[in-house]
Amino acid sequence: MEQRYFEAVDIGDEYEQERTPTSEDVQTFLSLTGLGRPGSEARSDGRRGGPGDGRFESAEGAASVGLAAPILPGNMSFAMMSRLVTDWAGVGGHMLSLDVSFRRPVHHNDVLTLQVLVTDTVDDDAQVKLDIYMENERGERPVQGTALVELPRRE
Amino acid sequence: MEGYLKWIVARRKKGFRIDGFVLTEHRQFDPAVDYSDLAEQYGVTVLRGAEVETDVGHVLVYGIDERFAKEFDLSNIALPYEDVFSGAREFGGYAVGAHAGRPRIGLAEHVAERGVSLEQVGAVEQLNGGSNDDENGRALKLAEAHGLACVGGSDAHFVNAIGRCLTAFQRPVTSVEALVEELRSGEIHAVRVEETVEAGSAAVREGS
Amino acid sequence: MTSDEGGSDAAFEYDETVVGKEVELGSLNVTAEMIANYCGSLGETNPLYTDEAWAKDGPYGGIIAPPGLMTALNFGAGGLDAKVTFGNTTFFAGSRLESFEPIRPGDTITARTYVKEVYPKTGRSGTMVFVVRRTDFRNGDDTIVAATEASQVHREV
């Protein structure tokens, strides 16, 4: 894994990863979080528990809430964006914050390009501000956000 | 804010022309906020407006002050649109129908389906950086059909989106008064940032 | 006590007494297996989180949890319900995570949460009502190691 150093980063720098989350990946994630368990109820923070209506697992469940196909849990998209940022930063970097908005559904097997764009550098703290987004094969950006990362300096 | 300004400076270095932008925060307007020092530091014009929500969709208001914010509850998501357009003028400003081609929150659908009057409307946002081509096309049709002036705006919720779509003016705009005057003149047009390379003066709007 | 908001065409009600009222969600012991499962579901390869031998000599002296783990765990309870009377379903609209300190296998994390705000908005899909909830995660030393602000949207489909 490449280590990124603060001095080597410029506004406008880009980085991207390709991801195609499968139904199996979604199931693994669900089993970890408890999302979508039978009988689980809608949780008002959208973070745990899950709606339990099958929107993450089946076409029928998705249709029941007006979706064309089963979707990834928002937490899973969030986790993918978190990984994008920590991969970009390298093992010596520290993700201070990650802010993600879900604009459209992300479906199983969508071919996703996860992108980082450097928008600002703060020399005093060796911090870097990033715009991040997820683009699908249809050219839509279902997930967008920002991150703040602290990078090591070259010795 | 500083991130937006740095980004514009970086875009300028790549040959794009972005003279400034109008910060149009959703459903809020605090006249006390002042970015003039930062704006001067980066050589970018920064003006302030607001994006309010009405019964015919979102509306951008420019050149407003505390009187407008006192007259209208900006947290209301169903403000009476004709009052907003006329009120903006009354308080020395100007209102523009935001992302006019978008379903539900743009003017075009309300005109097509409910026949709402455009008597108070002089301009719409025809190019919006967050709208797709079809939506921007619907906005253009509305403007052409009703003789409305067209502005462009980036509708940037993220730094990298600022300046995607802009408004080109005939004369320099470095104050909110000049902005209102130019909007009222109607001698404006919407452009995409790619068109600004070696082109004329342009300003953008930024949302949050 | 309820509050009517949103303008005449988009009125909704919610229980405003829950706003700002913090409650404990519960505690979880973060295990190496939990971290491995999370990493496995994402294809994670960062040795900070996946390679014990490498991590032993790394910046934290051992494996730590990826920062996103806190947004994925189930602490049991769901926090106070704002009882929003709007729409017929909910979607996760977004989240902000702040990461303050490393979280290690063996840490016991306690989560406390409160409803920060409830507000309406209109968009392409019509009127929506957002509930924003802030959650702090503390380790056994009572240090806040991470915090989230998650938005849930209520809407009609």
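Points to keep in mind about this one:
Letters are used for the chains, namely A, B and C, taken in the order the chains are written, and counting of residues starts over at 1 for each.
As a convention for this text, a residue touches a chain if its C-beta (ideal position, glycine included) is under 8 Å from a C-beta of that chain, and two chains touch if they have at least 3 such contacts.
Please read these numbers as outputs of a predicted model, since none were measured by experiment.
Here A is the chain whose Cα centre lies closest to the centre of all protein Cα atoms.
Chain pair with the larger contact count among A-B and A-C is A-C, by C-beta pairs in contact. Between the Cα centres of chain B and chain C there is a gap of 34 Å. Taking the mean of the C-alpha atoms as each chain's centre, chain A and chain B sit 30 Å apart. Averaged C-alpha coordinates put the centre of chain A at 14 Å from the centre of chain C. Shared interface positions of chain A, defined as residues touching 2 or more other chains, are 101, 145.
Interface residues of chain C facing chain A in the complex, by the touch rule stated above, are 25, 34, 37-38, 40-48, 58-59, 66-69, 71-75, 78-82, 84, 89-99, 113, 115, 131, 133, 135, 148, 150-152, 157. On the chain C side of its complex with chain B, the touching residues are 5-10, 119-127. For chain B in complex with chain C, the residues that touch the partner chain are 26-27, 53, 55, 57-58, 75-79, 102-105.
Partner chain B is touched in their complex by these residues of chain A: 11-12, 101, 117, 119-120, 129, 131, 133, 144-146.
The residues of chain A lying in touch with chain C in their complex are 1, 19, 25, 28-29, 31-35, 41-49, 51, 53, 65-66, 73-76, 78-80, 82-83, 86-87, 91-92, 94-102, 145.
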